[in-house]
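One chain, chain A, appears in both complexes that follow, with chain B as partner in the first and chain C in the second.
Right after this comes the complex of A and B.
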């Protein structure tokens, strides 16, 4: 039977590499025991936490609903409401409970509207929860700051705006985004002023979130965004184009026509799409002149515009493009030709290279 | 050959194996650390994202879900219903019935009130021709659905037809019997929309194993740990691979593969490279490598992103025969892709793709089963020559085995800390047990399948996909 001393002797006589392997075995054995215990403790803690969170959330939700329905007709706080606030206060001693309280408040606020939503907001202030969020703005951790900004924007806390303004152009994109959303959420279109000085890219995701906030407001009066259409930041121009389209800023037609000369292909394409929706025929003439030197994607966008603005004078142009290398352009050119002049279409059928398109159009 | 030379050779081989083993362990540790950092970062960035914004956005980009189907009559109606229940607004579902010999098309026509439409397909990528044609529903409730019935050409060919048919900016390629979570599309599209200097050309998602889960009417109701060791072992293998592997490659921008079960692509780039290769069984890996190569050669900054969220659930093989067939195919696919794109190997012109990803896949994926087999044969030879030190053998075996268990449990801890999908009591013990057993119930069969894959690749060129017998994800509740 091997005893421990025998093992020590064996170890000392082994080559270095074998000694290292045995050390590795011992270390890993203990690490395995540690991670196995971790796993069990973790699962137990997760279950405990989830049970606690469920319990505390139910409590908060009950208090909040009771609070909403126990108000006085004269808008003064009732005794019962004061009692509920005291009860909730007593639960806000831990970070987890405060977090769950905020989540419950946000959830309820999103589900209701009008005076009840305002009442929830008032409750947030009365519980003095904003102080924690404002304190978190000083954190070194970007994640904590971003969550704090989000909370403050959800409850329309304007007093933090000067602090949050410092993050509008922060190098951490997520933080800058939350700051921008804060300003838009609180100040509507005025909150978009950061676009005047933005030098980094406003991604499509950022634009979607900004637009989503803007569409929540009753006042849908977009300010003049000419300056944004002239921005040197291409992403700002693209966002301004989207705003122009969604808010039907037809008065910006001339500004958008100028963008047909913009060096960025994406901007030219988006400009064409808007002008096509608005059926701006001047765009057609400008684009025809530039057509031959344009990229295929811009040419394709032009043909989409042509679908809304074509006329008999376009027949030679359509015939010229009936054998374009792009399938979409070929199809659109022949389709429009058939619509505007059947005789020309029949003539072109003989010389069209893509017989599939011509057969399809002839049949349908 | 004299004794001294033989000893030198044997000693060299021993050291080479040791270096290789240490490299494998070292790479796992490095990838594990990077993956953890990336997953933590992902969680932080996404914990306060409101995905609902994109659902109602007028500028949400269009997505086509492309799902090839071959003889899926058993569950196709339910599977399509599941795909149609995504919460995303601007999408359509293209089911490509790839020359099925059963009544898949008839069932779909009846269930969704389909009618044949005149449709001119833009043959940007050559495919097998249409058979019955293109169908759409007369019912406005199913306006997002397009059924394409074509001649059989294989999965890649069917996906290419989907690319031709799609009019969307992005395509999500999925196996028709996969269960897609309702918020999958908005989570997968996000990396594309967040891109600034580097264009995102593809996004991959984590595939979860649905065996023994409760699925009703195309929705995941209850997640259960499977009963069979083979299925359990595959779960931990997937978790290890996705949470401690692919997240790291995504961070390093070295991801060479997105699961064929679910991936999203920039359609324009996918078509620019010619779509899926119909001559390989590893078409999911091959298209990613080709798309990356294309972007490198065009000198366009790009990345391939990865989402760790469990967005797609699929059925894993529940018996060894099918498992071996699947892994055989994966091996052949890997060999085909690495051979086809061997120009990338150690080529600095391709940066991380050529200097990091390709060498890693070559040495630690493609050659690993060969080296392991040589190691086993070498060991047997030494045994025969009575040159084996059994105490040393035990030591090396223990260190490798303990490292495997340690790494596996770390992966499980990652899963518990992040998604915690397996909440039920008793699963903790099952996790530990399968971590201990996995090197015996799974790995030998992976090795065998890989060797068969190598053999079939070099000596049975006509072998293609093989058959995955599916039981279907739709199960009754117990």
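Right after this comes the complex of A and C.
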């Protein structure tokens, strides 16, 4: 058996590189021990935290349900409710507990409506949780501010609007998005006033979220979008087009016709789609004049418009485009031609470069 | 307890689950709680409830599979009410095609839920 002295002698007699390797092994061994013990304590803390969170969540959920079912018929707060509020207050001494309390309130508020939803909101105010969210608006970390804004919008806290307004045009996109959603959620269409001065891009996802919030309101009276359709910010124009389409703002037809000359292709295409839905024939005449210089996607959108606004005088135009390089245009031109002038259709079909198009036409 | 009063409630939101349990108990029903579709199926098989209330989106096994299990495997006509969040209209249609009797969109009023339960099982 090797004893320690033999090992020391072996070590001293070894070449330098072997000594270094042995030092390395010992250092690694202690490092691994430290990491393992760190992981052990970390895991233990995580488990402890998880158990605490589960326990405190159950407590808050029980208090919440008891609170909701112990109210008086005359809407005044009962003695039991006051007692519950006092009990919850005594637990809100730590940040973790406050966070779990808000989570419990939000979990329920998002799922139920009516008197109970109002009662939950009242409870949020009575527990004075909003002061912590408002204080978080001054945080140096953007994600803490964003979470605070989200919480304040969930519980309809209007008094923070002046502070949150400062974030509407923040360079951090997620923060600006939360601020916009706050205003729309609390003030409906009036909350869209930020569009008047928006210089950053409103992404498709931002627009979808705003539209989703707007649809939750009973009052669906959209204010005048003219200014937004004239905005120098292309994303605002696109959003205004969406609003015009969803809320059937037919009175904005002339403004949208002007957008057919817009330098942005996407805006022109979206404008054409709306005018097509509304069957605005003036658009057809404007686009026909510009047709030859337009990009294919705009030409395709024009043909969709043509499907709704087609007249016999358009037959020569259809014949001219029956061999277009775009399949969609070819197909639509031939489909319309077949519907109004079978003879011309048969003549054109014989000279069609894409012979397979007949199969698609037969299936349509 | 009388079999007619048993209701299986499958809902993964623990707070909502607790609230509905409390509400149904107050109304004289015996709610049996499940946090996912798998647990719901087990309870349904074991207790043969008078009514099933199920969320559509749940962990492991969805509400749609629970409906299919009840209608196609157990061949039961137990009334089934589904809860759905906004934007899940296609799921609601699938639920009806599978045999659900009614649906409630979230957020919903617990008082309205009780009215519908009473209408279905008395």
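Note that in this section the second predicted complex is superposed on the first by the 310 of 364 C-alpha atoms of A that agree within 3 Å, B and C clash if a C-alpha of one lies under 4 Å from a C-alpha of the other, contacts with A are read in each partner's own complex, and residues count from 1 in each chain.
In the analysis below, a residue touches a chain if its C-beta (ideal position, glycine included) is under 8 Å from a C-beta of that chain, and two chains touch if they have at least 3 such contacts.
As the structure is a computational prediction, the values presented were derived from the model and not from experiment.
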Using the touch criterion from the header, give the chain among chain B and chain C with more contacted residues in chain A. B
Is A:57 touching the first partner chain B, the second partner chain C, both, or neither of them? second
After lining up the shared chain so the two structures overlap, which partner does A:128 touch, if you call chain B first and chain C second: first, second, both or neither? neither
Please indicate which partner A:156 is in contact with in the superposed arrangement: first for chain B, second for chain C, both, or neither. neither
Output check: A:94 vs chain B and chain C. Expected answer is one of first, second, both, neither. What do you get? neither
So, does A:104 touch the first partner chain B, the second partner chain C, both, or neither? second
Of the partners chain B and chain C, which touch A:279 in the superposed model: first, second, both, neither? neither
Which partner does A:21 reach: the first (chain B), the second (chain C), both, or neither? first
Kindly classify A:112 by the partners it touches after superposition: chain B alone (first), chain C alone (second), both, or neither? second
Which partner does A:39 contact after superposing on A: first (chain B), second (chain C), both, neither? first
How about chain B: which of its residues touch chain A in the complex? 18, 44-45, 47-48, 50, 53-54, 56-61, 118, 120, 122-124, 190, 192-197, 391-392, 395-396, 398-399, 402-403, 405-406, 409-410, 412-413, 416-417, 420, 423, 427-428, 431-432
Under the definition above, what is the set of chain A residues touching chain C in their complex? 57-58, 61-62, 64-65, 68-69, 104, 107-117
Could you pull out which chain C residues touch chain A in their complex? 13-16, 18-19, 22-23, 26, 106-112
Of chain A, residues touching chain B in the complex: 10, 17-18, 21-22, 24-25, 28-29, 31-32, 35-36, 38-40, 42-43, 46-47, 143, 146-147, 150, 174, 178, 200-201, 203-205, 207-209, 211-212, 215, 242, 246, 327-328, 331, 356-357, 360, 363-364
